[in-house]
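In the two complexes that follow, chain A is the common piece, with chain B as its partner first and chain C second.
Coming up: the complex of A and B.
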C-alpha cells in the first residue's frame, strides 16, 4: 500500500512537470484548418493526394499574416474512410472538438453532401475541392467548392466537338450507375442537341460500373454514323473503351472529361489513347508560372505528377488562406471568425489559382475556365484550348 | 505450494472487485453514471485545465490517448516531427477518466446499494412496464446529460444506438436462426429510402421528389409512420431472400442473400426517380436522440420478446437441426419466414433512422463495407444474445472512433482483435446468454 502511494505521488509530480511544458507548446497563436479526407477505405489515393498537397503547402507557407499579426498554420487531418457516416462524424469532431476555423474536403460528393450539411449547421466555412454534385453547395452559404460543375463542362465539350472537330452528329458512351459520368453525359447531350437540333446525339449508350465488354454498345455507335464519341469515364475504364472502339474500326476522334486525368491513364492505355482530347482543370505539360512551379515541386517531393485532386486541394487551401487574410483581423472568438472567413470567401474576386482564376458565384460554386488538352505523341497532356464561362 | 497459490491471488483481486460490486443493481449503476455525467458537467472543464489537457476528453479520454500514440507511431515509422511534451496527455487522460468516471461511479454505485435495491424491490411490485419505464427514463437522462457536453458525442451516440438496433436485427437471423445472411445492408437501404420517400416526398421540398405535398407544422409526429413504412417495405424485400431459404442453407443462402444486396444497390443506382446514384438529401431533422433511444428500446424489447417466445425456441431448433425440428412439429417454413421478415423490419427501421440522422442517403452507403461492419459487430459481440449485440455494436463503434487517428493501422488493429476474439471465444464475447428483463431491472439479492 505504501509503495503504491509513493508511486502515485511521484507520477503526479511527473505529470505536473510535463503539464507546464505542454501548456507552453500550445500557447502560440495558431490558425487551425481541418481536412476531412479518405485516408483509408475504397479510395485512399484521393486522400493521399490531398494530404500531399496540404503538407507541401504547409512547408511553403507555415504562417499566415492577418492584419499585421502572424499566425502559425496548423492542419488537422482526419480520416473519413470514404463513408458518409464517418464524414459526418469527422466534420462534427473537427468543428466542435478541434475548433478549426475552416474545413477542406470531403472530396467525393457522397461524403461532401452530408458533411456540407454539418458545416453549414455549425456555421463553419467548408470548401470541397472535388465534389461535383450540385446539392453539396445548394442553399448552404457556408459551403463552397473548388471545381467547376458538370452543367459547365458538358457545354465546353459540346462546343469543342462542334468548333474544333467539326462534328455534326455525336455518340455518347457512359456508366449509368455512377453519379458523375451519368450527369455529365446528360449535360453534354443537352448542349450538343442545343447546337445541332434534337436527334443530333445519334447514339446514347450506357453500361454499368465494372463492365469490361463494350462491343454491343460500340456496334450501335458504329452503325449510328456519329462524327465523335464522347465518353466521360474514369481512367481505368477509358483504355477498355478506346480499345473496343479501335477493334471495331473506329477512326474518328474520341473526347473525354476531367475524369480521364485523375490517375495513371497513359500507363494503362499506352499508344491507344494518343491523339484524343479531354476537358479538364489544368494541363500539366507546357504549364507556365505558378502552375509549373507547383507541378515541379510536387513531382520532386512525391515522385509523381500531381493529379486533379492535388491541384484542386492546393487551390482550395489557397482560397481559404486568402479569405482568412482578407478578414483583416481575427478576433479570437472562433464563431465570429468563421462567419468572417465565410464572408471573405464569398467576396473573393479572381483568385489566381494554379487551375485558373476563380470567383465564387452566390451558390458557392467557382466561375473558372476549363482547359481542353490533347494527348500528344509522347503521351503528355498538352494544352490545346482554354474555354471560359461567358 | 506457492505455484498453486499464485493464480488464485490474481483471480482473487478480480473476484474481490466482483464481490464488491455484486449487490449493485442496474438502478445503482444508472445512478452512478448519472452522477458521473453531472459531475463532469460541473467539474470536467476545470479538471481539464488543471491537468493541462488542450480540450476536454470526449470519449473517456480514449481519443486523446490514441492521438498521442498515433503521433509516436508516425514519428517511429515515418520520422514525422513529434512534440514530446504531448505524451503527458496520456497519463492526464487516464487521471481524468479515473477522477470523472471510475471513482464517482464506484463510490455512488456502492453507496446507493441499499436504497437502490429497496427501490428496485418496491418497483417490482408493479407491473414490469413500470420498473422498465423508470429505469429506461433514467438511462435516457444519463445519455442526455452525457451527450449535452459535446455535439460530437451526440452524433457518435446517435449512430451507435442505430448500430445496436441494426446489429440486433441481424443477430435474429445469423445468431438465433443460425443462417449466414448477407442481405442486411440491403434491408437497411430499403428502409432508408422508403422512409426518406415518405418524409421528403410528403413534407419537404426537394429537387428529386418535388414540392412538399403537405405543409403541416406538426409533421414530425408522422415520423414513426415513416419508420414503420420503411420497415414494412424492407420486410417485403426480405421475402425475396426468405422464400429461397426454404430450400437452401449455409453457403448457398449466403450467396443468395449477397446477390440480394447487390440487386438492391443496383436498383437504387438505376432508379432515377429516387435520385439514382446521387441519392436523396434534405431529410427533415426528426431523428433526435430521444426518438432514436425510444425506437432502440422498443426494438430491443420486441426482439427480446420474440426470441424468448415459442417462436424463438423454434428458431434455435431450426438452427441446431432442421430435420429434427421438422420432426418435432416445428413449422420450419413459417419460422424462417417470420425471422427474416422480423429481422428485416428492424433493419429497415434502423435504416430510416440513419437516413434522418445523416439527412442524406445514397446507394453507395449500403455496400459490402457496411456488411463487413455489421457482421463484425454481430460476431465480435456474440451470437444468440442481446447483450452480445449491444456490446459488439458499442465496442466496434467506440474502437472505430478511438483508433481513427491511427489511420491505416486501425484496419490492422480491429481485425486483429476480431481474430483474437474468434480464437479465444469462437462465438463472440457474450454469446448464448439470455436477456431476462425482470432480472436485469430487478434488485440484486446477496445472501
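Coming up: the complex of A and C.
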C-alpha cells in the first residue's frame, strides 16, 4: 500500500513536470501576460472592468510583432479577491508557475504595494494601472504604474480650488483610518497652505471608516467660513457627506478626488452630487480621438461606459506590449526577456495613451496630466479642465 | 455665533439620538421579559431598513414618482413605515421562535451567543440575496432645508425626531394602559411565577420581540431617509452603540433606554465641537476622529458612578417597564 502511494506521488510529479515542460515548449511563439485582479471579494467591479478592457484588447491585437517575428498574445486572469495576501500568492503563481513575461495589476494600492514586492524580487515587470500610492513603485525598478500619484493629485485639487473656484479658505473632511484619503487630505492641505499661507485650511475634520453621521463635522466646517470643501472619499461615503453638507446649508463647491469615479457614485448619490467637481484620470463624457474610439468600442461591447480602471488597464497593457516590441528580439529565455522588457518600459517616451501621454520617471511613475471633471445636470462626468505637472 | 453653533449641534444630536433610543428600546424590552440581551437586534435594524427599501421601491413603482405620482410622498412614507414595521415584526417573531425559545432553559451563555449567530446569518443572507453592494434608500419626501436665524433644520430632521418620540409615547401607552402591556409588566416582574397564573409566556415573548423589531424597522427606515446608503453591516456597530444606550439607561428600563439613547447621541455629537473648542483654547491639534474614544470614555465614567445605569435598580429582579 505504501509503495503504491509513493509510486502514485512519483507518477503525479512526473505528470506535472511533463505538463509544465509541455507548456513551456508550447510557449515558444506566444507571449504570456498575467493579470492580478479582484474578480471576487469586496470590489468585483474593479476586476470586471480590468478583464473587459483586457479581452477587448486581445480581440483587437491578438498578436505582437517583435523584431519581425509574430507572437500570439496570451492572457492569464487570476483572482486576488481584493486581498493583499491573495495578491501576493497570485503574483508568485503567475511568475513561477505560469511563467508570464509581465504582470498587469493589482489595481488598488492595498494589493499593489505587497504584490509589487514579489514582482520586483522575481525580476518580472509589473504595471499597476490604478494604484496611486507612492510605495507601489518606490525603489522597485521592475514595478511601474499607469496613473499619477497622490502627491500630484493633492496640488491639482489645491490649484483648481484656487484658480477656478476662487477659494481662499478651504475645509477638508476625510477618513483618518484609511491610507488613501488620509494621504491625499494631507497633500492637499500642504499644497493649499503653500499657496495661501499657513492656516488657510480653516477646518481639517476627520472621521473613521464606517461612520455615517457627519453633521457635527459639517457644523464645524460651516462655522469655519471655508470657501470650498475637499473630501477625498469613496463612492459609498460621498453621498452621505454631500447630504450632510446640504442639510447644514452648505451652498459652496465641493471637490473630490479620483476615488469618486470608482463604483456607483451617481446611483447612490443621485441629484445631490450634481454640480460638484473631482480630479481623475480621464473623462468619458466629451472625449475625443482615440479615447472616444475606445469608449465607443467598450460601450458597444459591454453596454456600459468604461470607468477609469478600464481605461488605465487598456493603457497599461498598451505600454507593456509597446515595451515588448521595443526589446527588438525575444530570446526565449524568460528571465533575460523580463529584464529586457523592464529596460524597454523604463525608456518609453511620450506613449500616446487614451488617458494622456506618458513618460516614466526613474521611479516607474508616469508623468501625465490629471483631468478635473464636473458632474453635470445629467449626472455624467464631464471634462472641465486638464491639469498637467509643472 | 456660539449660540447658533450650540443649537445646530443640539438639533443634530436629537436626530442621531432618536435612532439609538428606538433601537435601545428593543434591547431593554427583551431583557426585562427574558433576562437576556438579543444581540441580533442591531441586524434586525438592518433587516428593517432593507425591508423598508423594498417596500418603498414597490410603493413608488405602484403609485409613481415625480409628476406621475398618484399619492403624495408622505402618504407613501407612512405606508412604508407601517408595512415594514409589520413585516419586520415577523422577522423578530421568527428569530425568537428559532433562536431563543428552544434555548430558554439552556445556560445563559448559550442563549447569549445565539443572538450573535443570528446576526451573522442575517448579514450574510443579505449578501447572498442582494450581492453585498451598497444600495440607495429612495427619498420618499423632498428634503427642504430651513434657515432659522443661522441654524439649519431640514423637514426630515423634524419628522424623524417627532416620529421617534411619537413611537416611544405609543409604546408607553401600550405598556401602561392595555392588558397585554400589563402582562408584559407582570412578566418583567417575575418571569417564573407569572406564567403559573395563566399568562402565556410564549405569546408574551413573541410579542416583545415583535414590538422591538417593529421599532427597529422604524429606526431603519428613518435612518435610510437621513443617511441614504445602506450596507449589510450597517447594524453591527450601530447595534452595539444602542446596546450601550440600553445598559446606560438601566437594564430593562423603557424610559431609561429612551433618555440614554438621546443622551448618547448628544455626547457623541457634542464631542466634536468640544474637541474644536479645546483645540482653539490650548492650540492643540486633536482630530474629530477621536469622537468615539472620548464619547465612550464619558459613558464609561457615568457607568463607574452609576453602575446600574440611569434608571436601573440595584440587586432586584423587579425590572420596570
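Here, the second predicted complex is superposed on the first by the 362 of 390 C-alpha atoms of A that agree within 3 Å, B and C clash if a C-alpha of one lies under 4 Å from a C-alpha of the other, contacts with A are read in each partner's own complex, and residues count from 1 in each chain.
As a working rule, a contact is a pair of C-beta atoms (placed from the backbone, for glycine too) under 8 Å apart; a residue touches a chain by one contact, two chains touch by 3 or more.
These numbers come from a predicted model, not from an experiment.
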**Message:** I'd like to know which partner A:197 touches here: chain B for first, chain C for second, both or neither.
**Reply:** neither
**Request:** With the two complexes superposed on chain A, say which partner A:177 touches: chain B (first), chain C (second), both, or neither.
**Result:** both
**Asked** Between chain B (first) and chain C (second), which does A:208 come into contact with in this model arrangement: first, second, both, or neither?
**Response** both
**Request:** Name the contact category of A:220: first (chain B only), second (chain C only), both, or neither.
**Result:** second
**Request:** Using the superposition on chain A described above, determine whether A:67 touches chain B (first), chain C (second), both, or neither.
**Result:** neither
**Message:** A:267 in the overlay: touching chain B, chain C, both, or neither? Say first, second, both or neither.
**Reply:** second
**Message:** I'd like to know which partner A:83 touches here: chain B for first, chain C for second, both or neither.
**Reply:** first
**Message:** Contact-wise, after the overlay, does A:133 reach chain B, chain C, both or neither (first, second, both, neither)?
**Reply:** first
**Prompt:** Between chain B and chain C, which residues of chain A are contacted by each of them?
**Reply:** 176-177, 208
**Prompt:** Which residues of chain A touch chain C in the complex?
**Reply:** 176-177, 204-208, 210, 212-213, 215-217, 219-220, 222-223, 236-237, 239-240, 243, 246-249, 264, 267-270
**Asked** Tell me, which parts of chain A touch chain B in their complex?
**Response** 11, 14-15, 18-26, 39-42, 44, 78-79, 83-85, 88-90, 92-93, 95-99, 109-110, 113-114, 117, 122, 133, 135, 176-179, 182-183, 208
**Message:** Considering only the defined contacts, which chain C positions touch chain A in the complex?
**Reply:** 1, 4-5, 8-9, 12, 15-16, 133-136, 139, 143, 145, 147, 152, 154, 156-157, 227-229, 231, 233-234, 237-238, 268-273, 276, 287-289, 291-292
**Fill in**
The chain B residues in contact with chain A across the complex are 51-52, 54-55, 58, 63, 83, 85-89, 91-92, 95, 150-152, 155-156, 159, 207, 266, 269-270, 276-279, 281-282, 354, 357-360, 362, 364-365, 369, 401, 404-405, 407-408, 410-411
